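Letters A, B, C and D name the chains as they come in the text, with residue numbers starting at 1 for each one.
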Amino acid sequence: MIEHLVIGALLTFLVVIAIGIIVLRDLLAAVVLLGLYSLVAAGAFIVMDAVDVAFTEAAVGAGISTILFLGALSFTSHEQKPRGNDSIVAAVFVVITGALLIYGTLDMPHYGSAASPAQTHPELAVRFIERSAGEVGPPNLVTSVLGSYRGYDTLGETVVVFAAGIAVLSLLGLRRRGSPGNLPPEAPGSAPGLTPVPAPHDPAAETSGAIDPATGPRRYARQRHRVLQVVTKLIVPFVLLFALYVQFHGDYGPGGGFQAGVIFASAFILHGLIFGLQRTRQVMPPSVVRMLMAGGVLIYGGTGAVTMLLGGNLLDYDVLAHDPLHGQHWGLFAIELGVGVTVTGVMISLFYAFASRRSDDREPARDADGSTPTGATTGAGGTPRAGDASTPGA
Amino acid sequence: MFAVATIALLVTMVLTLARALAGPTLFDRLLAVNSFGTKTVLLIAVYGFMTGRPDFLDIALVYALINFVGTVAVLKFFELDDLGSGVYQEDDY
Amino acid sequence: MFDWLVWLVSWALILGGCLFIVAGGIGLVRMPDLFTRLHAASVTDTGGAIVLSLGLIVQAVFVFGSAMAAVKVLLILFFTLFTAPTASHALAKTALLSGQVPVGADGRPVLDSPETAARLARSRPDEDAR
Amino acid sequence: MSQLVGLYNYWVVIVLMMAGLYILIARYNLVKKMIGLGVFQTSIFYLYITMGKVDGGTAPILLEDAPDTVYSNPLPHVLILTAIVVGVATTAVALALTVRIHEAFGTIEEDEIKAIEAAEPEA
């Protein structure tokens, strides 16, 4: 009973939030509400027993996707322009479609019905629940279905994630200049070129409250968010540790490669948000991130190749060890690792791609010859900058 | 006992949601969303106990973390309109 | 006897937590401006979380007999206690920097201008008096 | 009444789906469209998870000492788990395209882009 109450309440929240997203004109507020929407949806997933999905939705929907939207918004205006005319046509169309779909649901099996076709097909849920412990091993059925029964599919998904990462990199430009690998280590405190504010640090001006119109809000931003820095320093190691726990505990509880990868990336994203991209790039150079992206797919595909070389089918882990169950265990470990590595790499590189694009223009380039940058700063209006940063490494 | 806590949390979520939708400033929304996240964390914990499987508390941990990351990201974006530059860079670091 | 005690303590803690949480929620709706709402949210995020989590820990140890669950609740509490106040702090600071002026009980701003608010946010703690 | 309780989930899914669709049709801002797509996408996740739930069931993580436990269907969970991660990856691609569109046209309002394209017919 209380279960239905919780579900009903959370679903109603979702509808209210969705209406809020429609109405709000401020895109930033809409993005914030979209994060809330994902959070509520993830809560509802837990009540509906989908713990692994809730895990992923919470990490992806509320975290990474909010950050990606913010990254895109930083290039564009925060307001959508008012439009009126087409809304009525659209509303009529949407209401009619919705009514038809609701008419269609009247024949659907009711929520929680154990007799619905999805629950009774002998080769699907029934088989997974009854025989997976003997055929694959892990108590977490989601892991065993994901990794073993549907191993091909997961390979495909991993490749899609990898391909999306490549696509974003090619759209937003691989950043070659300023790669920290070529940089001399910076003296603490000097941080040349990290910030766009030309004036050196001046504590008196800092606290005087004078707002320099030339530097504007950027001047504010140089404030000491020391609390955030200290807390971030404290939290990031725990987050990394927790990601490893999620990665390797995924057989026994909710978790696995997808979730761990996203959480691992979140730690670096948090670091990048607080300490600046430049510092995060020193910790996690983009070249390493690209290697992670490809390496994970390589691990996954390599596992498939090994099983074929050992005489089995592609991704048939039984042949990996003398005992099929042990083989499954090794196989699952390997492919979860592959998934985790790829997802980590792709998520971090997405963050780098979106966050670095604007900073590129402002930061002095560090080419090998030490020449100054050619990219001009862009005004707030966002004048077109066709192609100037799209081929940085060429 | 857990049912009481669940209902209390749901009621508070309604109130928080009202604030998130009403605004008026972005900070109000952000405060409400952040607070909503904490309530979700508590709801998951309580719900785990209520259904007798408190081994899913890991998820609540992720919520606490992601909530923080999201809030910081929006704040930083609001301050600087940008995610990448070293906004929170300490000058005398 | 012991069961009864556990029951009493966990009920008291969980109910107390609910009280904090609902009070915070009401405050979040009824308070007049952002900075007072921050107070209300903190009642939920820290006060409510601490008390409710303690109740859950009592339940985990004595009723479910699961030390793991207790440790996880403790970790969640630890995490929440770090992140929630930090987020509130950052929120308040950014709001001040962007020129949000706190409003007093009589409905009038307590600072004369957004610039004062921004200056206040940028000062070090020992310079607050200025 | 039993219709309401039994089908409420589906109806909410449809309402959310339509909300997303409405944003996609009626809003011209490309980022807003992406937000609408996110709403739509999550409603689909919801549909799948709803179909996997079994009354009285518990999460599909096997308990050692309880052979009679009813578990919810793990298959929709697997499908949606991967779909979420793929969804965010494709969202990222779409947002990257939006950024490039903004660089090329100086706007992300669909009708303004069309107007600019109409003004310059040669590709």
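One rule holds for everything that comes next: a contact is a pair of C-beta atoms (placed from the backbone, for glycine too) under 8 Å apart; a residue touches a chain by one contact, two chains touch by 3 or more.
Nothing here was measured: the structure is a model prediction, and the numbers come from that model.
*Asks:* Is the C-beta contact count larger for B-D or for A-C?
*Replies:* Higher contact count goes to A-C.
*Asks:* With chain centres taken as the means of their Cα atoms, state the distance from chain C to chain D in Å.
*Replies:* The separation of the two C-alpha centroids amounts to 33 Å.
*Asks:* How many angstrom lie between the CA centroids of chain B and chain D, rounded to a whole number?
*Replies:* That gives a centre separation of 21 Å.
*Asks:* Just the number, please: Cα centre separation of chain A and chain C in whole Å.
*Replies:* It comes to 28 Å between the two C-alpha centres.
*Asks:* Determine the centre-to-centre distance between chain A and chain B, using the mean Cα coordinates as centres, and give it in whole Å.
*Replies:* Inter-chain centre distance comes to 17 Å.
*Asks:* Using the touch rule from the top of the page, what residues of chain A touch 2 or more other chains?
*Replies:* 31, 51, 71, 73, 217, 220, 224-225, 228, 235, 253-254, 354, 357
*Asks:* Mark out which residues of chain D touch at least two other chains, giving numbers and ranges.
*Replies:* 58-59, 61
*Asks:* Which positions in chain B are in touch with at least two other chains?
*Replies:* Residue numbers touching two or more other chains: 13-14, 30, 51, 55-56, 58, 61, 65, 67-68, 72, 78-79.
*Asks:* Dump the list of chain pairs that touch, please.
*Replies:* The complete list of chain pairs in contact reads A-B, A-C, A-D, B-C, B-D.
*Asks:* Spell out the part of chain B that touches chain A in their complex, as residue ranges.
*Replies:* Spelled out, the residues of chain B in touch with chain A are 3, 6-7, 10, 13-14, 17, 20-21, 23, 26, 29-30, 33, 36-37, 40, 43-44, 47, 50-51, 55-56, 58-59, 61-63, 65-70, 72-74, 76-93.
*Asks:* So in the complex, the part of chain A that touches chain B is made up of which residues?
*Replies:* Those in contact with chain B are residues 2-3, 5-6, 9, 13, 16-17, 20, 26, 28-29, 31-33, 35-36, 39-40, 42-43, 46-47, 51, 54-55, 58-59, 62-63, 66-67, 70-71, 73-74, 188-189, 191, 194-196, 201, 217-218, 220-222, 224-226, 228-229, 235, 239, 242, 245-246, 253-255, 259, 263, 266, 269-270, 272-279, 351, 354-359, 362-363, 380.
*Asks:* Mind pulling up the chain C residues that touch chain B in the complex?
*Replies:* Touch list, chain C to chain B: 10-11, 14-15, 17-18, 21-22, 24-26, 28-29, 34, 37-38, 41, 44-45, 48-49, 52-53, 56, 59-60, 64, 66, 68-69, 72-73, 75-76, 79-80, 83-84, 86-88, 90-91, 94-95, 97-98, 100.
*Asks:* Across the complex, what residues on chain A touch chain C?
*Replies:* Within the complex, chain A contacts chain C at residues 206-209, 211, 217, 220, 223-225, 227-228, 231, 234-235, 238.
*Asks:* What residues of chain B sit close enough to touch chain C in their complex?
*Replies:* Interface residues on chain B, with respect to chain C: 1-2, 4-5, 8-9, 11-16, 18-19, 25, 27-28, 30-32, 34-35, 38-39, 41-42, 45-46, 48-49, 52, 54-55, 57-58, 60-61, 64-65, 67-68, 71-72, 75, 78-79.
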